[in-house]
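Look for subunit A in each of the two complexes below; its partner is subunit B in the first and subunit C in the second.
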Partner chain A sequence: MTAIQEAAATGRSVATADTILAVKDVVVEFPRPRQNVGFRAVNGVTFNLNRGETLGLVGESGSGKSMTALSLLGIVPAPGKIVEGSISLRGRRIDNLGLKEMRTIRGKDIGMVFQDPMTGLNPVRSVGAQLTESVMRHQNVTRAEAEEIAFRALDQVSIPSPRDRLKAFPHELSGGLRQRVMISLALINHPEVIIADEATTALDATIQAQILDLFRLRLTKATMIIITHDMGVAAEICDRIAVMYAGRIVETGTIAEVLSNPRHPYTVGLLAAVPRFDIRRPKLVPIPGVPPTAEDIIRGCAFKSRCKFAQAKCDERPPLTHLGGRLASCWFPRGA
Partner chain B sequence: MTMQPSSPRVGNPEFLLEAKDLKVTFRAPGGKKLHAVDTITLGVRPRETVGLVGESGSGKSTVALTLMRAHEPEGGQIIFDGQDVTHLTYKELMPVRRRLQMVFQDPYSSLDPRWSIRRVIGEPLRAHKYGSRAKINERVAQLLQQVGLPPDAADRVPSQFSGGQRQRIAVARALALEPKALIADEPVSSLDVSIQAQIINLLRDLQERLGIALLVIAHDLALVHQISDRIIVMYLGEPVEEGPADEVVGKPQHPYTVALLSATPVPEPGGGSKRIVLTGEPPSPIYRPTGCRFHPRCPIARDRCKTEKPPLKEIGPNRRVSCFYAGEMPPPRDLWALENVPLPPGVERAPRPFAVGSSRAN
Partner chain C sequence: MTDIAKDAKVAVPAGAAGSERQVETIPVFRRTMDQVKNRVIELLCLLFFVSTLLFFLLRLTGDPAAVLAGETGDQEQLALIRRQYGLDQPLWYQYFVFLFKAIQFDFGNSLANAQSAIGLVFERLPTSFTLVGIAFTANLLISIPAGAWLGSRPDRTGRKLAATAVFVMQGIPGYIVGLLLIQVFAVELRWLPSIGNQGPLSWIMPATTVASFQAPHVLRVISANVAEAMREDYIRTARANGASFSVLLWRHALKNAMLGATALIGAQVSFLLGGSIITEVIFAWPGLGRLMVTSVQTLDFPVVQAAVFVIAIFVYTAIMLTDVVFIMIDPRLRRQRA
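And now, the complex of A and B:
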């Protein structure tokens, strides 16, 4: 069994020779006004991403999933910053690099697809100009060669008549096409890792299906991190998922493991709250209460106030522990 | 009072809220016409929930706003509680609006950030001269309790509440005047999944308790299926399929409904592999395709569909579909076959609708 297969089979994120990205105990902190305890948007996140693997970071707003992605790219918005932990790309620390060095990594080694292509693309430059700029910055090619690469990049993401589209401006394209352009821009320099942050959230269902197909069928060998709030989206394109809550990973394992047998009460609740065609119940099953906000200071398990299985023990923070193949952080795990 | 309670009731007595051949057109740049809704006929019975589903640009929100008379229809009729309200003046509409209220999509922009919650919820009460300040405050407290917010919420401002709580406030405001019908336009689409379910349950609870009719507009077919008695699927300004919720979802007849169903990501390992992916994007409502509006994207379109427009045809009780080849495209995957995904505690799997010999689920 290869390391990837083993990692996939066990859900364990073991660092191996195939590990592209190693994230260890990363903490992203924002200072709180008039307080000496900062807000930890990301609070000790650890995972390894192996070659050819797609990892889903799943969580609700404020869970820290997007901030985790921004920390990988070194673009955590000020005054927030990485205060602890390390991020390594192929064994090389990248969390402590300078602005200039980081710029060579973004776009070249790590490609990013943002949620809103209208803000991810430059509105006053043509699609072709943006693609060729990225190619010429990172690859040693002539303009003509760069334009050819740009053409092929659009073709690769199934954009109809790519030659004409190179001249188009972002506002002239529909939402679905814009998102395809974003994806081609992320892919154009053959990055080691692609990070997609809610890449299909703003799209209509039938267009989302097209983009998911693109990920599922065209990017099978890519190494990706998919950030989404939608368990269904994660189930379709990810090999492993990490469920985040209040800045921490609360459960992580293979898609099959986590979806068929969720152990953390939050994962159980999240899956139960999704409307499904196969269940028509008198009522949906919500998770009571609200997630903690940046103002809340969390002691013990962050989920305990919303958890119906919480006991006195939960005042102590549960560590991520092995449960069967996967990891979950709960003193009283569900399922078996 | 300009309302004439003595005037004879019009419309279908079965329905509380009715739209007949409603058509809404906007002027697009260059003097072109944008056909937002063309045409829809629908009815909502008292205590019933009707779900209006479609993607952006399908005209679903325009239908909602036109029913509220926020847009002027180009043609057709709006009937509420036996009264034709299509052409009522602003003043004449006041007593109608008291009984027909709306909840908007975004609780961040639908609540005035500087107003206290007491003022937000009390506004419709003041506008309709509900009573003294003490009486209004009493009603506000009662409403807060109904939507599950603490009494001290009244003295706070919207920014002190989360998205879900704000939507509760919006619901409380809509219920203040004890409406008979409520239109909710994407009431939960800006909320997190775990909070969505709270608001949907709240709407259902209140509907049962207060006996209101509910028209829910949403893009999420799975969600609409959960809460609706009947579903209307819209595409490019017109309904393509309608019927009882379980029938539309369990035995979809229109290829667009089938595609929409199969497009919904399901939390199931290996999901998505058997999906119908439509090519292209919805056409512009300014330049609409000839014939069937769906034919350029339809996997089973034939020559006839390019030139001839299929009528919305009755195919059963309360069941209509506009397709010459209705039922020819079966759902690509069995949405009821999620055996690998465990059920939430205390919930049973729904019987498969229309498996051999069975009838409506639930």
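And now, the complex of A and C:
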């Protein structure tokens, strides 16, 4: 078994020659006013992303999924910043790069699709202007060539009459088309890694299905990180999955392993709260309580206050440990 | 590499593409012409109301014949003057004569020196426009870059101090700035002339005075708008695509920020022509504002009427130009209404 197969099979974070992105113990901290302990939106996240692989980051709002993604590009909103850990792209550390070098990576090596297509494009600039600006920044081409590249980029994400759309302004396009533009903007410089942050969440169900098709069929060979709170979306396009809670990965493994046999009580809870048509069950079970907020200072397992299996030992933080082919951090894992 | 698999078929359900909203953007020029068409009718209505108001207001404030006759005038002289100026006709008749002449820009002769009233106004216009033009340019040259700079990183200590200074400056009345300038640059240093229009050097102080109370206001609006724009999602998108800070600020945020500031700048310009009266008086600037002050003092109503009429047209033109700038900046205003 090769290292990559093993990594895929076990969900373990094994860095191999095929590892594109290696994230190790990353901590993103926001200073809290009048306190010396900052809020850690991302609290020691570790994962490896291999060539051609799609990793799903799932979890509730505020679990640190988006912050993890933003930290990869070095665009964590101020005053937050990466205070610990390392991020490497093809073996080269990028978390400590200067701003100028980092800018050459943004959009060129790592492309990102954001959640809300209605606000994510500049309303007073044409679609073509925004696409060509990005092309000309990263590729040594003339304006005419850049426009041709932009035209092809729109065509590739199945936007009808792309030539006219280049002249269009965002308000002239529907939500689905805008999201396609956002995707073409993220793909236009052929990035090695694509991050999609809730790329389908703001869209209605039919458009969501079209965009998912786009990801699934057009980007089969892409190396991607899909951020979603929708287990269904994750199941459809991800190879591996990492469940995040309160800034940490609490369970990670192959999609089949984790979905069919969740071990962390939080993953169990998430899956029980998802409507499914393939199995009969009496009702959806919500997870009681709310996730910790930026004000809470967490000791021990962050999930213990919402966990019905919590015991005294949970005051101590459980480490990520191997549990039947995946990693989970729980003293009292479910399933088998 | 993540090149898109080009031959993969992505199912786009039939009708999905066709049902996309088809919104057409109208070219700037055509959209502008539509706007002008609407505005011209409004302008005519406005001029009608302004002249009507002027006619009756001036009649209410005193008897023009008495003014013309002066303090020594007796009843005979008054009657003569009334006949001469048509003041013995019924008021409604006088009103229609006034309107009919106003349409032809004829407001009669100045009561003070028998020159054509509108001619006196036109004579002052170039001087006034000089002040308006310089003050307006200075205003924009200061407030746009400074506002963008202040708003781009509003949390930095230097900017906070600068913002406070601007806030204080906004509270200082223009005439105080004018008097201070005169004291320093004309009286103490003797660098700049403080009276009248004597060429470029004499433009500096009046223009600075006018800009000093207009620029802080625009600056603060631009700064607030830029700060808000810099937090928008499209800035994050551009950042994630490797845009530098200056591209984010000047190319992405500023244009959006100018949307809100344009209305204010337009309003300021329209205020300038007639509204810089105090500045014109302080610097003995031979502009429209000072002409109005003297004419009101001497009850020279033809001149007042002509001046207000011209200012009304100017204000309206300024508003119309503001609309055009809006149309140029914001593509959403160029939307074809189905």
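What we mean here is this: the second predicted complex is superposed on the first by the 326 of 336 C-alpha atoms of A that agree within 3 Å, B and C clash if a C-alpha of one lies under 4 Å from a C-alpha of the other, contacts with A are read in each partner's own complex, and residues count from 1 in each chain.
Assume contacts are C-beta pairs under 8 Å (C-beta built on N, C-alpha and C of every residue); 3 or more make two chains touch, one makes a residue touch a chain.
From a predicted model like this one, the values you see are computed outputs, not experimental measurements.
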Partner chain(s) touched by A:Phe114 [first = subunit B, second = subunit C, both, neither]: second
First (subunit B), second (subunit C), both or neither touched by A:His171: second
Which of subunit B and subunit C A:Pro286 touches, first, second, both or neither: first
Partner chain(s) touched by A:Leu259 [first = subunit B, second = subunit C, both, neither]: first
Partner chain(s) touched by A:Leu187 [first = subunit B, second = subunit C, both, neither]: second
Subunit B versus subunit C as contact partner of A:Met136, first or second or both or neither: neither
First (subunit B), second (subunit C), both or neither touched by A:Pro275: first
Partner chain(s) touched by A:Thr206 [first = subunit B, second = subunit C, both, neither]: both
Which superposed partner A:Ala222 touches (first subunit B, second subunit C, both, neither): second
Contact residues of subunit A, present in both the subunit B and the subunit C interface: 174, 176-177, 206-207, 210, 213
Interfacial residue positions of subunit A with respect to subunit C in the complex: 73, 75, 77-78, 103-108, 111-112, 114, 116, 119-126, 130, 133-134, 137-138, 156-158, 160, 167-169, 171-174, 176-177, 182, 185-187, 190-194, 206-207, 210, 213-214, 217-223
Sites on subunit A touched by subunit B in the complex: 60-61, 174, 176-177, 204-210, 212-213, 216, 229-237, 255-256, 259-262, 268-281, 283-288, 290-291, 293, 335
Touch list for subunit C against partner subunit A, complex: 1-6, 8-13, 16-17, 20-21, 23-25, 155, 232-234, 236-244, 247, 251-252, 255-256, 259, 329-332, 335
Subunit A partner contacts - residues on subunit B that touch it in the complex: 55-56, 162, 164-165, 192-198, 200-201, 204, 219-223, 225-226, 246, 249, 259-273, 275, 277-279, 281-282, 297, 335-338, 340-350, 361-362
